[in-house]
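Heads up, there are several structures right after this.
In what comes next, chain A is part of two complexes: it sits with chain B in the first one and with chain C in the second one.
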Partner chain A sequence: MERHDAIVIGAGLNGLVAAAYLARAGLSVLVLDRASAQGGIAAEHEVAPGYRLPRFTLGSGGLPPRIAADLDLPRHGLRFIRAEGGVTCFPDGGYHASYRDGIVHRREIARFSRRDADAFTRYRRDMLRAAGGLAPLLAGPAHTPARGIFGGLRARLSLADRIAAIAPGDLRDILRLWTLPASDFLDAYFESDAVKAHLAAAAMMGGTLGPRTPASASRLVFPWLSESGDATGGAPETLMPFGGPAALVQALTSVILASGGRLRMEAEVTDIRIKDRKVQGVVLANGEEIGAGAVLSGLDVKRSFLSLFQWKDLPEGLVERVGRVRMKGVAAKVNMALDAAPVFPGLPEGCPSLGGGLRLAGPIPAMERAWADWRERMPPRDPLIEILMPSFLDPSLAPRGGHVLSALVQYVPEVLHEGPWPVERRDALGDLVMTRLAEVSPGIGKHVVALEVLLPNDVENEIGLTGGDFAYGETTLDQMFANRPFPGMGGAETPLRNFYLCSPSAHPGPLVMGGAGANAASTLLGRLGKAVRA
Partner chain B sequence: MTPDTAPPNEHPDIEIDLGSEQATVDPALFEEVPAEPPFARTVHTTPLHIVTSAESRTNRWTDWNGYTVPEVLTDLGDEYRALRGAAALADHSPLVKYRIFGRDALDYLQRLVTRDLAALEVDTAVHVVFCEGRGLVLGDGLLFRLGEEEYRLVTEETHLAWMMDSGEGFRVGIADVSATLALLSLQGPLSALCLHEAGVANIDGLAPFAARWADIARMPVYVSRTGASGDLGYELWADAEDAPHLWRHLMEKGAPHGLRATGFALRELARLEAGFPRAGKDYLSALAAVASAGASTPFELWRNPLVASGKAVFNGGRALRSLAPVPPRRRLVVLVADALEPVSLSSVLSGTRQVGTVTTSGFSPALGANIAFAMVEDEAADGELALTATLREGLGAREVVLRARILPAPLKP
Partner chain C sequence: MKWGGVQYDAIVIGGGHNGLVAAARLASDGARVLLAEAGSCVGGAAVTSEITPGYSVSAVAHLLEGFPHRIERKLKLHKHGLRYAARDVATVALDRDGHHILLPRTRKEFAAFRELLPKDAGTYREYVARRRVLAEFVAPLLGERPPALNDPDALKRFLRRSVWRAALKGASTMQNLLRVLPEAIGDRLDAEFESPLLKGALAFDATLGGAEGPYAPGTSFRAILREAMRMQGQGAKLPVGGMGALSGALAASVAAGGGDVRVNTRVVRILVEEGRAVGVELSGGVEVRAARILSAIAPRTTMLDLVGARHVETDDLRELRHLVPRGAAAKINLALDRLPQFASLAPELHGARLLIAPSLAELDEAANAARSGALPFEPVMEVLLPSVTDPLLAPEGQHVMSIIVHHVPHAMAGGWDAHREALVQRVVRMLGSYAPGIEDMMIAGEILTPPDIEKKYGLAGGDWHQGDLRLDRLFAFRPAPAYGRCETPLPGLWLCGAGSHPGGGITGLPGWLAADAVLADGGSA
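Up next, the complex of A and B:
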């Protein structure tokens, strides 16, 4: 029987990061995926011949420099583009853009309110402070109080130290951030509805909270996590891998292969062999068995436990706890191929911020109504839409003159109140997106070569992501840090020996790209007594 | 006039008088909110750009509050000699200017700033500091009382959000008048003479920090005896459209007495010698300092900060009263390091331990030494101090340690 030190299930981004770390540490690693190409939800897809984009995600976001350096990714061809923070277009024809340059960004805000232009200084300070407090918690494995008496104690003490060192005023700021609705939080800084809507729209994307839902303020800090704080800067930047997520996947694959790891596509794992609560290996769909010292699952937490194991093999209560993890689809993906560059007459010509994406959003009350529709499982009437045209920055993604357009439609329920999505509702959603797009780019409909609409349910069916939840589990405080994916299992280690979770269902979730994979690898290597080879 | 209605053989531009600056000043250059998108223009100029750019022999420009201003117009040494020996004219329009007016203006300002303003008379100015609730400095500036219920606050950075938030409950209006008000700084021992020559009568009668309206070449100008040079000097507040004419007029009348146009580098050097810290450079506003240790109290920044004891309530008052008797943890001091040439200074050492950081540095021709603002731990400030400097020779760089001493009082030239 074939046997490896470690098997990684799922060649998604985090699976590949974990495999790369393990392979570089000298382990024999095998990555298995049922799809024919690597990438998981970030896999590249041809929406029409020659038009390439990531099928399920927008594909923005950068790896933390630590992971890129550990894995030597620049040497394997990975480059990142630093784009501006993006533009929000409002229904009244106005827009608000983000700029990295502090003076330019302040002038932008001053178009709406001079007072708010000045208030941005304090907002930026508070966001950077919050991000600075959050960054160490997200950088490594979660501090799980339950595990290892001494390690746990030390972690708990260091956490207690850190909390004790927080000044009372700062503690109040932390509390505000983690409890308040985004709208109330922003009201404490800004007066302009456009400024607030621009910040809220960027923050609400990908989350299950509305701008007026308690605790949604915490999402405001996420775009600032990778910013470094000099005193005069502007809005946070957007990082994008040059060549799209496909380039990132390719670089990671190249690292794995160069370090002696192996990848097998079209190899679906259907079962995990377990004996005395110790994982022994995997069984493929074709009946083939492969032995492994450790198995790392890049699937979401529900799929990892509920579909790979016989439930009778799982420890008591685990099935229930995994079942209670909240994973809810919140966005539909619309992919488009265009035979010409879309024009946006409402935006200034050559607006550099467009490279960081375009959001179509109403003011905060409209966003909240869109969220309420989602909660009531209504088909969206006025959703929040985020658009990225990666071919603007990287023309190789489309045939000459053509463009690819990715849109995430936020607040799309998995199942409607009336039942599963009927075909006409799906078509209506596609039409709604086209109508909203045509409002900011008249005539764009004439240039559409291909269009596909992927509902949360399609994402689940095609890629196996439960609920089509791109966050791999809600990112609310009760499902973050040591509580991710559920209290008692914080981090990559699972109640089953030799079985690790390397998907964003584990800490740090979707907040740090590749973070879950890196954590799983370092946890396993720590168990094996090996150091991470940088 | 469209081309087909224009009479033949007549140049359509003929009506524009090329000799008049007004015709060539682009009003959009200093508009409050430019119509174009913010990214489109990276060079923003002040109303005086037309005259300063004409004076520039070096083409060296720098950014001040988002505006492009001359760094050095001719030669820093010459400009310095003019400032200390005759008179120097500079464009200080990038400073932020707020108009504060209304029935409660005085009450409001009493709440905003730390010092007591009860004795502030019309047509005088005072240096003010304003703090947030924990007694950390937000900014400092010059406050003018222009009328009974009319004030002007001049600061280095914008504070509109804080000022409006503090204004809750007061019948007060706050307006940012930075765009419409140009500021010419005329400093130096012969500055009064230059003003006299320019037609300002009885300028010697103007006491320090006093101000009055004057008529210069039929332009209304508010003249104040203020400035951050530590020397005799005046600031001239004029309408943005008048400013280039006023500049020309002053240069014409003052040049025979040694008046020179000067740039931003000289302002930095002069304020360093005179001991005026600059917001954003020597200290960070408490609302901008990401690390809470990056913010400072007034006791750390000024030797004798004016914190009122009689005033009932003002922003940061309670915190400042409890801070006042405690020696500050660190102090902003002016250090002098003997070296015959300008060097680049970075950190302050006491023995081998770093006890501070240099925030601004320059070479003072008056002292013949390097001079620097540095935030230094209070305990170390009384002991022996040294500065690390980088000396460049050819392509090589050498770290040296220079002995430094604290300048006890601002330089009196």
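Up next, the complex of A and C:
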């Protein structure tokens, strides 16, 4: 029987990162995936012949520099682009853009309110401070509560002392961030609706909270997590791999292969062999068995436990606890092929912040209405739409003169109130996106060569991601840190020996790309007594 | 300075129940106290009013849930006439088809509960036990002043003591508490229970009075907080004669201590001299001086309107400006010519707290509607028939009904005038589907929207919590960090209303704790 030190299930981004770490540490690693190409939800896809884009994700976001450096990715041909923070277009024809340059950004805010331009300095300072406090918690493995009566008590007493040492103002700020609605939080700084909507739109993407839901303020910090803070005083930048997610996937694959790891596509794992609560290896769909010292699952927590194991082999209560993890689809993906470059007459010529993405959003009450529609499982009337046009950066993604457009439509329920999405509702959603797009880019409809609408359900059916939840589990505080994926299992280690979770269902979740994969690898290597080889 | 020949030690602004508690406590301690109430009667939200001659009802708040026994005893409220028509009032989740759920208080009731909900009964018992452990941890914190934030040693002592206390309650208490803090009650209930009606009732209790829906993060902790409040007050009670009886007894207690309660006396300014509050100016221009001023009205009004922004630090100003209470509940009081008939509701349960909250979905929809300034399509509510246990409230054989409608917006899109009638119709229609024929029993009625409650009973924003019960506005942070211990940065001025720790509801605690602070500051001298 074939045997490896470690098997990684799923060749998505985090699976590849974990495999790359393990392979570089000298382990024999095998990555298995049922799809025909690597990449998972970021896998590249042709929407029409010659038009390539990531099928399910938007394709923005980059690995943290630490992981890129650990894995020596630059040597494998990966480059990151620092893009501006994006631009939001409003239904009234106005827009608001983000710039990294502090002076330019202040001038942009001052178009709406001079007071807000001053307030931004305060806002930026507070956001950087909050991000500075949050980043270390997200960087390493989750801090799980110490076990045992005395150990636990000692740890908590020292935590009490550490809390008491935080300045009262800071303590309040931390609480505010995790309890306030984003709208209230922004009201404390800004007066312009456009400025507030721009900041809220960027923050609400991908989350299950509305801008006026308690605790949604925490999402405002996320864009600042990657910001070093020593830049030029403007908005946070967006880091993107040059060539899109495909380039990132390719670089990771090349690292794995170069270190002696192997990848097998079209190899679906249907079962995990387990003996005395110790994982022994995997069984493929064709009946083939492969032994492994450790198995890492890049699937979401529900798939990992509920579909790869015989339930009777799992410890008591685990099935229920996994079942309670909340995974909710919240976005649809719309992919488009265009035979000409779209024009945006309302935006300044060559607006540089377009590179960081284009958002179509109403003011905050409209966003809240969209969220309420989602809660009531209705198709959104005012969806929040985020758009990337990667072919502007990399013309090779489309035939000469053509472009690809990738859109995420936020607040799209997995199932409608009336039942599964009927075809006409799906078409109506596509039409709504086109209508919104045509408002900022008149005539764009004439250039559409192909258009596909992928609902949360499609994501689940095609990739196997439960609920089509791109966050792999809601990112509310009760499902983060030591509580991710669920209380009692914080981090990559599972109640089963030799079985690890390397998907964003585990800490740190989707907030740090590749973070879950890196954590799982370092947990396993720590177990084996090996150091991570930088 | 004297007023009417009296030299006062302390002046209490606002005669809501918290102002009365503060005044009564200071008076019983020997201080010469003046309580100035702008309206024509004391009590604030704890008042009894006549719907129509012969039919009286608690106008706003209608149940005494978290009023501590020790305050009752110390202020001799029994001697001053406070009696109870009902103690430990039961809670019943009403069902249209008559399968009502009585939340069990005794072993016998639990047996019936298990019969009705065999699948949920065991889980419910665990849920209640877990809630009780956490509430027992929180309850004492509500009855004491929070630690000073700017004193790291006191804060450290407090936190260490809390850790020990939690440890004594079991190793997982702290962990459970930290898990519950950010959780949404709806998510928790969905994970544990099957019965939509049970889930609706439990979530209703956790969210009542606030604007958040059951799926808002942080609402799970609200259930703990409410349970802790209940523990403070030892179960829900109905005062004989309605809530006004409580205020009456409190006012009598103030008078017995030699304090003056003056109605129709509006304070327009707090006098500040050399950085100290030294007295108040009344609307007629009269100045009354005292070394200690306690304000039971909203913190924002107190500091910005009565003290004046120029005496407030910039950072505090920013905080205070955002403290705009916005009520999220309306009150409807009805006079009925006979007892309404709820399908197969046991006769002894007609005096119970009747909840109409069929499921989490209904609560969620109502919350979402209210948030966008619209009326809930199917209102969720808490219904009491106080005249069942307190027959003097209505003529013989007739009844009064007191309804709190949850999730009603303060700012109604298109203005309230056009929508009052619609709300009443929806509420009556909803009631009618539970107690058929109720439309024909109505003799008279009144509706109080959040702005009505504000205007008529002086409750800022019509918000009975006087500011959100969110973690960043609780304990030492309530209403704002510099004001967290009932004190204000202005020497001589204290806050003693529901805007202060531990918050709203008829608990008397903010008033009691403010009196603590005043007494700690140098007694009644």
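In the analysis below, the second predicted complex is superposed on the first by the 512 of 534 C-alpha atoms of A that agree within 3 Å, B and C clash if a C-alpha of one lies under 4 Å from a C-alpha of the other, contacts with A are read in each partner's own complex, and residues count from 1 in each chain.
Please note the rule applied: a residue touches a chain if its C-beta (ideal position, glycine included) is under 8 Å from a C-beta of that chain, and two chains touch if they have at least 3 such contacts.
Keep in mind that what you see is a predicted model, and the values were worked out from it rather than measured.
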item	value
Contacts of A:Gly169 with chain B and chain C, given as first, second, both or neither	both
Touching partner for A:Lys275 - first (chain B), second (chain C), both, neither	neither
First (chain B), second (chain C), both or neither touched by A:Pro348	first
First, second, both or neither for A:Arg264, with chain B first and chain C second	neither
Touched partner set for A:Arg82, first chain B, second chain C, both or neither	neither
Which of chain B and chain C A:Thr476 touches, first, second, both or neither	second
Common interface positions of chain A, toward chain B and toward chain C	169
For the chain A and chain B complex, residues of the former touching the latter	97, 99, 101, 103-108, 110-111, 114-119, 121-122, 124-125, 128-129, 132, 167, 169-170, 189, 229, 231-232, 348, 350-353
Of chain C, residues touching chain A in the complex	149-150, 152, 155-156, 158-160, 162-164, 166-167, 171, 174-175, 179-184, 187, 191, 212, 215-218, 318, 322, 364-365, 368, 371-372, 470-472, 476-477, 481
Chain A residues touching chain C - in the complex, by the definition given at the top	145, 149, 152-153, 156-157, 159-161, 163-165, 168-169, 171-172, 175-176, 178-180, 184, 187-188, 209, 212-215, 324, 326, 365, 368-369, 372, 375-376, 476-478, 483, 487
Of chain B, residues touching chain A in the complex	33-34, 36-40, 42, 66, 134, 158-162, 164, 176, 280, 284-285, 287-290, 292, 294
